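Structure below; questions to follow.
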Amino acid sequence: MMPTLNDYLVLSAILFAIGTAGVFVRRNLITILLSIEIMLNAVNLSFVAFGRSLGTADGQIIVFFVMTVAAAEAAVGLAIVIGMFRHRESLNPDTFTSLKW
Amino acid sequence: MASLNAIVPMLCVAAAGIAAMIAEAFTSPGERMPIAPLGVIGLVGAGLAVAALWGHNASSFGLVAADNFGLFVTGILVVVGLLSIAISGPTIEREGLPRGEYYALMLFAIAGMILMATATDLLVIFLALEVLSIGVYVLTGIRRDSPVSTEAAFKYFLLGAFASAFFLYGIAFTYGLTGSTRLDRIGSVIAAQALTPAPMHWLALGLLLVGFAFKVSAVPFHMWTPDAYEGAPSAVTGFMSTGVKAAAFAAFVRVFLSAFEPLRASWSAALWPIAAATMIVGTVVGVAQTNVKRMLAYSSIAHGGYLLLALISGNDVGKGAVLFYLLTYALTNLGAFGVIVLLEDHDRPNDRVADYAGLWNDHPALAALMTIFLLSLGGFPPMAGFIAKWYVFSAAVKAGYVWLAIIGVLTSVVSVFFYLRIVVMMYMTPGGESISRFPSVPKIAGAALVLSALAIFYLGILPTRFIDLAAASISSIF
Amino acid sequence: MLLLIALFPLAGFLVNSSFGRRISKGAAGAVACGAIILSFAVSVAAVARLAGMPPDDRAITQTVFTWITSGDFSVNLTLRLDPLSSVMILVITGIGSLIHIYSTAYMHEESGSEYARYFSYLNLFAAFMLVLVLGSSFLIMFVGWEGVGLCSYLLVGFWYQKKSASDAGKKAFIVNRIGDWGFILGVLLIFTRFGSLDFQDVARAVAQLSPEQAFGTLSLITLFLFIGATGKSAQIPLFVWLPDAMEGPTPVSALIHAATMVTAGVYMIGRNAVLFGHAPLTMNIVAIVGTATAFFAGTIALVQNDIKKVLAYSTVSQLGYKFLAMGVGAFSAGIFHLYTHAFFKALLFLGSGAVIHALGGEQDMRRMGGLKDQLPITYWTFLIGTIAIAGIPPFAGFFSKDEILFKSFSGGHTLLWFVGIVTALLTACYMFRLVFLTFFGPRHQEHPANPDHPGNSEHHHLHDAPMPMAIALVVLAIGSVAAGWVSVGGRFEKFLEPSFGGPLTGSVGLQADQAAAAGSSETALMILSVAVAVAGIGLAWYFFLRNRKAAGQMAESFSGVHTVLEHKYYLDEIYDAAVVQPVKIVSEEGLWKGVDVGVIDRVVNGVAQFVGGTSEVLRLIQSGSVRVYAASVFFGVVLVLGYYLWR
Amino acid sequence: MMAFPILTSLVALPIAGALVLLFVPADEHNDGTVRAIALIVSLLVFAETLLLWYHFNAASPDFQFIERHNWIPAFGISYFVGVDGISLLLVVLTGFLTPIALLGSWESVHRKTKAFAMFILLLEAAMIGVFISLDLFLFYVFWDAMLIPMYFLIGIWGYDRRIYAAVKFLLYTMAGSVLMLLAILGLAYLHSTATGSYSFDLLQLYDLSIAPKTQVWFFLAFALAFAIKVPLFPFHTWLPDAHVEAPTAGSVILAGVLLKMGTYGLVRFAFPLFPAAAQLFAPILATLAVVGIIYGALVAMVQPDMKKLVAYSSVSHLGFVVLGISAMNMQGVQGAVYQMLNHGVSTGGLFLIVGMLSDRRHTRLISEYGGLKKVTPHLVAAFLIITLSSIGLPGLNGFVGEFLILLGAFRWNPKMAAFAATGVILSATYMLWMFQRVNYGPVTNEKNAKLVDLRPREWFVIVPIIAMAILMGVLPNLFLKPIEPSVRRMLNQVQQGAASPRIEARR
Amino acid sequence: MTLFYLFGAVAVIASLLVIAQRNPIYSVLLLIASFGALSGLYVLLQAPFVAVTQIIVYAGAIMVLFLFVVMLLNAPHEETEHDEKIHPLRRPGPMRFGAVLAAVLLVELLWALTRAGSEGTAFPGADVISVRAIGKALFTDYAFPFEVTSLLIIVAMVGAVVLAKRDTRRGGAPAPPTP
């Protein structure tokens, strides 16, 4: 028995949920960024699965674009993280609360 | 080969961005290179392209459509760009920002916004969204030496990335449901499925909605807004509060009122409380703010709520209202941030409400301009803001969303309270310090502000031309 | 012509109020006197013309312009002279002239501008009073009605630096306004019911009503009007302002608060005789209120020590008589009493003014005494006035008072008649008490004068009334003697009859057989009333001339009654405690600080504070932690999806 | 013959004046020029309003001097102005009071004279605009636009708590009017469902049939806006604050003209547009009005501050106006319109007097004064006449209006009239008590002993007011005549509309 | 089927471990493992080109970038002592709240997906989509988006440079933290 589309989608959903959870449970900017990467990958899995189900190349091609976006976000995100670390010598997001209320 | 016409405005701006980068790269340190004019040329080119393309319904690759709707928003974005560049000069000067990169990023972001407004494909919309978002993230944090600026950029970035993941997930489901990312195809498939929507429709709809709601800072997706607005350089705040909003709303309207139009009853039911909460939270929390930029951030949230109201109404009036509102909001809010920029000093940001005390004595013209902008934001005639609000509320009344309209008008009264706080400071509270605490006004920025003030009066007193344009814009696509 | 009568004093007012401070006192006085005398002359001419007309058709009408038009409502400024108003204008301009003349001397101590101000007010008063009596409709009458109230306010408070004076003026105005409330409602009801405010139109309409139709509305209308009358004419329960109004200069008291303005209520009832005649219920109330006022005011007058207060209560009492007359349907008797009373009461006030003037402002009778030799003119004229008011024939008061008593007796109002007779006793008694205390007995040497009062500079030597005052006193004294004779043979009544809508056939009119029966008793009653008057004089003579200690003993043995009377039945205090203070306290503590600030404004501000407070709370969610923000976004996602999946 | 757009020019002239002032350098020594320009402009406007009156056909019930231009045709919005008898006199009143207000603050405003004059002129333009608009949208634009100059006038040139008062004024009135905006939109929408096109044209909307239930909501929205502006009890609390803190000119215009907008709105919009609902709510409005009459008077009585006293007296006086309107008969409405004019004159005059006193003594507390009659006899004489006019002495203006209102109210509901008439007593009480405490008695406060009597400028301010009070009291028909046909037309409209509750038009 | 579960389990467990780690270096490494598992799934989905790209670009490039930054900043351990901040909303609350929300989201997603019905069917027996086909689509239908990514990359590049470049203008001293 072959896994169905739904199996992939469920797996993708689980990974996506893990990613979202990661944004909250970790107090480390790097890990938070990693969590977002998990979310994007989960979406990628959905795309490929949908593409497979539809029988076209579109799903896969979208994944390439998503990877590009992920790379761009990672670059900028890490640059910001570096900038922040310079200011506060910390990677804890809760350190950065001078803007509030 | 598909026609390239539809992407000409975007190309103009992107080319100007690249030119700005190159110019910066070939400038020796210390040499002053006029980079801003490059951007102006690009934006003017985009504007001319808009004029030339008007009414032609050009389309490129089937992915980008230069219909009147998109062109109207492009026009707004051109105005946003021009005004932003005009008010950026003093900020760059004072903060010592990297001029070339600054303008390049801004122009790229505008290019992304234009693309977002004209794209008819979810993937392109997503890419455009990322282009503009990344540009704006960086602009937010461009004051590297300022922890606040970096923090703002970080928050904006993190939440933006978080939200775009949801958005992307929504695209994935849409793709899975319809087999395409093109809006026209999605629309026809959805229309066919609308009578028997599957749970996955709801996932797609909900997640896309969340993505847009984040970009237009609707409650509860708004929390990045005050922090990012406060931390960013004021010119950037003005730019993003208007440009991002315009682009995001354009795409929002396009996606939800064309592709997802068949499911309107469903999504408007979900947007209803969001719009209400946005208007209420934006104004109510704005009341307690003591920082002008932060206050305007909440105001911007509230204005997003009014735009959502127009979107929910979904009728022809509402669509026209979105366009008109975006235009006036762009002029007005950029004007207000322009004044904030001009009042900034490197030593002190002068962005607390209390800093405005006695401005009338020191800078009567700036005080008057600020008053005009604030009153327009508050929706007083004969300023454009009034017409815009009236337009939105008539859409809501027509669509039968009377309670939302009531919330809207009442919150606009509350919002007047905090706009007036600044007016009170400027006019009715004596300033304690010497006259020289505010820097002098550069000519270009000053002229830009005066022009936008005049435009606000024009739109407020003789709005019919632009109302007709807006009406014509929406009639072409929906 | 009629307009001229009112215009002359108005012109005098305008001249004196505009240029008064720039012209000499003599000129100001001359202008004022000239204006009123001219007015008097025109009045006489007008009345002469009227008298020359056929008796049933005696009326001169002049419409000046249309004042207010609104839909079916229209009021013309129309003046009408008929027998009733002719009596009134003669009294007003005639006695008014005398009082103007008297005032030129009496007010001589005032500075130029004050002098002019005084005369301008006096002229203005005359103008309004003339409008009141000449007006042909309720609304025009009301113009005069309010106008004289204003002048009363201004003149009572003439010495505005004295708090008591300005208080009294204000009180007069406000109490009058309470009456006006009733008057206005009456007027509104009349217009609503009859569609017109013209006296004649209304009378005609009323005459056609059957008693059943008439009863409810007319009773209500007349009651409202009567409320107005009680205010203006100082009847129970609104008489309290009149004694206080004595704070004004004495000639003002004579003119306004004795002869003319206070009789406006009586005049108004006479003017609407048809209306009242059709409202027996109201008539009874009028009669009862009038009698009660007459009696109670008389009792108060008995124990007052201020010479003007005695006269003031006497005025109230006499006004009560007039209302009694009106209430029993003896309209012409009431008007007749009004007319005679104008003479002798003006005389008495002016006489008292002469005394006060002579004594440098002293008003307390206990500090007077023995003045009859020093002030002969004053004494003799005052005595004439006193006899007249006491009702001794052949003086004026006798005729009119007797007529009232007779009419009430013959009308079957025996109880009212009895109280009237008792009041007559009181009248004679307190008036002679006044005379005895003031002019007889030992002289008090020291006269600590009120420093604010005019004339204090010459308190050390007494002098009798100067020429202008003397003229006025003498003329009025002659009038007090002779005025009564005009009624002999019923001429006066005949003359007035057309104004009351012809011989009354209404419910309170005299029945033919009653009249016949009454005829025989008239002489008996006349004798009785004279006897009562003499008895009153005798009592006064005993207690206040022969044996003054007895008076003190009386006062002590009835100290309770005496105190109550001295404090005017505590009516002012009761009003103050029951109305004035509660209103003030409720307004200040209850309405203003309680409701307005405490509730309404607190709600308004509360809304703002609620928004502000909510804002302060909500902003705390914006904690600065990016994860809270992300949680918010996430929460939104979950909510939106949840909404879709679980709806 | 009137090809000349006189109504437009009435709005444009003050705006033009303000623009001219904008280019006058804001120096201290230019104050004279600034004041002169402003005064001349406002006098020109007044002259033009008189011209308007002169050319007005008083016999016609129709709107005259109509101008109509497309404005936002997509929504049926046009620039549509015209006057009938009701608005004509209010326009004249505006023209009359503005120069007086300007002159009245000639010396008390030292700071920022230029801005002051500009705001006054802009305010005048907006006020005239409100009265002449026959397009609901245009009306609302002016209605809202007027708030801004008034806000600045109170906030900048006011007294101690001016900011609180200014903000309260603006927010309170705005909160009321925004719901009206929605109702206006709803009307236009109903028009479009009935006829297929939007319209904000008042005359077209008059003919619109609206279901009674809808009328109720619309009426409430309109009535709330107007009730706040009037202000009707219990929406009045902004008024004392605004009045007390406003500079003299602000108070004069606020009391004289601004409050009239509320009552004008009831007459022009709320009642004729929604006759069935008006019928339903008239008793409630009238009850509130009567409560306001008595309540305002009682509260006025105990005020220690003259301006506050006059402010509460406005609550009382305007209660009469609303009562007259609620009566919906000729005398009631005509009296109400007349009373609007009266109140403008007499309360405007009172504020001028109080302003003169507070200019001299820098206090408005009654207890600070006393015995002024001795010191400033002319001022006190003027004070007296205006006081009398305010308490409705026959022969002066106040009486005519009050009497007609009471008459109208009495024919409608005698009980209301009976209660309202007690206002006659109470007004005498609080006004005379105040007058006595300020002017009579000895001069107890040394500071009062050397006060100057009326200055020449003040004569120019106060004499027209007094003249107007007398003129309006003696020859009221001069003013009532042009009002009557318009009121009749409006009454017919309301009565017909209420008599036959029309079935909602559906297409 | 077995492979699907195997790769799926690896991906899920690795991802869970990523967010359970306090040391970011381990997180990064575990994420690479997760990506590897994913690329296996891509192979199962007959998308070998994506699988390869996943390894090369994602695991190879992006993760290395992360690793580089982690090393650069030399801050391997998560700090926990910041929990004492005053604001209650900043305490572990959002942490738990976020986790709960994630669970709710998962429930929602699964609920929706398991009701999808038609998607429960097996994949059509299509051929592997060739790299050639992908390339062709990429440079025809997707040419424009492809060009847009160039813009994206330029922006990201410029942005990263602007943000991360050491500030030479003011001597690079970090500004004191604002309260």
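Think of it as A, B, C, D and E in the order they're written, each chain with its own count starting at 1.
Everything below uses one rule, namely that a contact is a pair of C-beta atoms (placed from the backbone, for glycine too) under 8 Å apart; a residue touches a chain by one contact, two chains touch by 3 or more.
Everything numeric in this text was worked out from a predicted model, so none of it was measured.
J.: By label order, what chains touch subunit A and subunit E together?
T.: Chains in contact with subunit A as well as subunit E: B, C.
J.: Count the C-beta pairs in contact for C-E and for B-D, then report the pair with the higher count.
T.: Comparing C-E with B-D, the pair joined by more C-beta contacts is B-D.
J.: Using CA atoms only, can you tell me which chain is the most central one in this structure?
T.: When every chain is reduced to its C-alpha mean, the one closest to the whole-protein mean is D.
J.: Quick check for the class: compute each chain's Cα centroid; which one is farthest from the centroid of subunit E?
T.: C
J.: What's the chain with its C-alpha centre farthest out from subunit A?
T.: Measuring from the centre of subunit A, the most distant chain centre belongs to C.
J.: With chain centres defined as C-alpha means, what is the inter-centre distance between subunit B and subunit E in Å?
T.: Each chain reduced to its C-alpha mean, subunit B and subunit E end up 29 Å apart.
J.: Determine the centre-to-centre distance between subunit B and subunit C, using the mean Cα coordinates as centres, and give it in whole Å.
T.: Chain centroid spacing, subunit B to subunit C, equals 77 Å.
J.: What whole-Å value do you get for the distance between subunit A and subunit D if each is reduced to the mean of its CA atoms?
T.: The answer is 64 Å.
J.: Can you work out the whole-Å distance between the CA centroids of subunit D and subunit E?
T.: Centre separation, subunit D to subunit E: 68 Å.
J.: Mark out which residues of subunit D touch at least two other chains, giving numbers and ranges.
T.: Only 171 qualify.
J.: Specify, in ascending order, the residues of subunit A that touch 2 or more different other chains.
T.: 9, 16, 19-20, 23-24, 33, 49, 53, 56, 58-59, 65, 69, 72-73, 76, 80-81, 83, 87-88, 93-94, 96-101
J.: Could you tell me which residues belong to subunit B and also touch two or more other chains?
T.: 123, 127, 130, 134, 137-138, 141, 144, 147-148, 150, 153-155, 158, 162, 176, 199, 202-203, 226-227, 288, 417
J.: What chain pairs are in touch here?
T.: A-B, A-C, A-E, B-C, B-D, B-E, C-D, C-E
J.: Of all residues in subunit C, which touch subunit A in the complex?
T.: Its residues touching subunit A are 619-620, 622-627, 630-631, 634.
J.: In the complex formed with subunit E, which residues of subunit B make contact?
T.: 7, 14, 18, 21, 60-61, 63-64, 96, 98, 101, 104-105, 108-109, 111-112, 115, 121, 123-124, 127-128, 130-131, 134-135, 137-138, 141-142, 144-148, 150, 153, 176, 198-200, 202-203
J.: Across the complex, what residues on subunit B touch subunit A?
T.: The touching residues are 123, 126-127, 130, 134, 137-138, 141, 144, 147-148, 150-155, 157-158, 161-162, 164-165, 168-169, 171-173, 175-176, 179-181, 226-227, 230-231, 288.
J.: For the complex, give me every residue of subunit E touching subunit B.
T.: 109, 111-113, 115-119, 141, 143-145, 148-149, 151-152, 154-156, 158-159, 161-163, 165, 167, 169-170, 174-175, 177-178
J.: With touch defined as at the start, can you tell me which subunit C residues reach subunit D in the complex?
T.: 17, 65-73, 113, 139, 142-143, 146-147, 150, 153, 157, 160-163, 166-167, 169-170, 173-174, 177-178, 180-181, 184-185, 188-189, 191-192, 583-584, 586-588, 591-592, 595-596, 600-601, 604, 608
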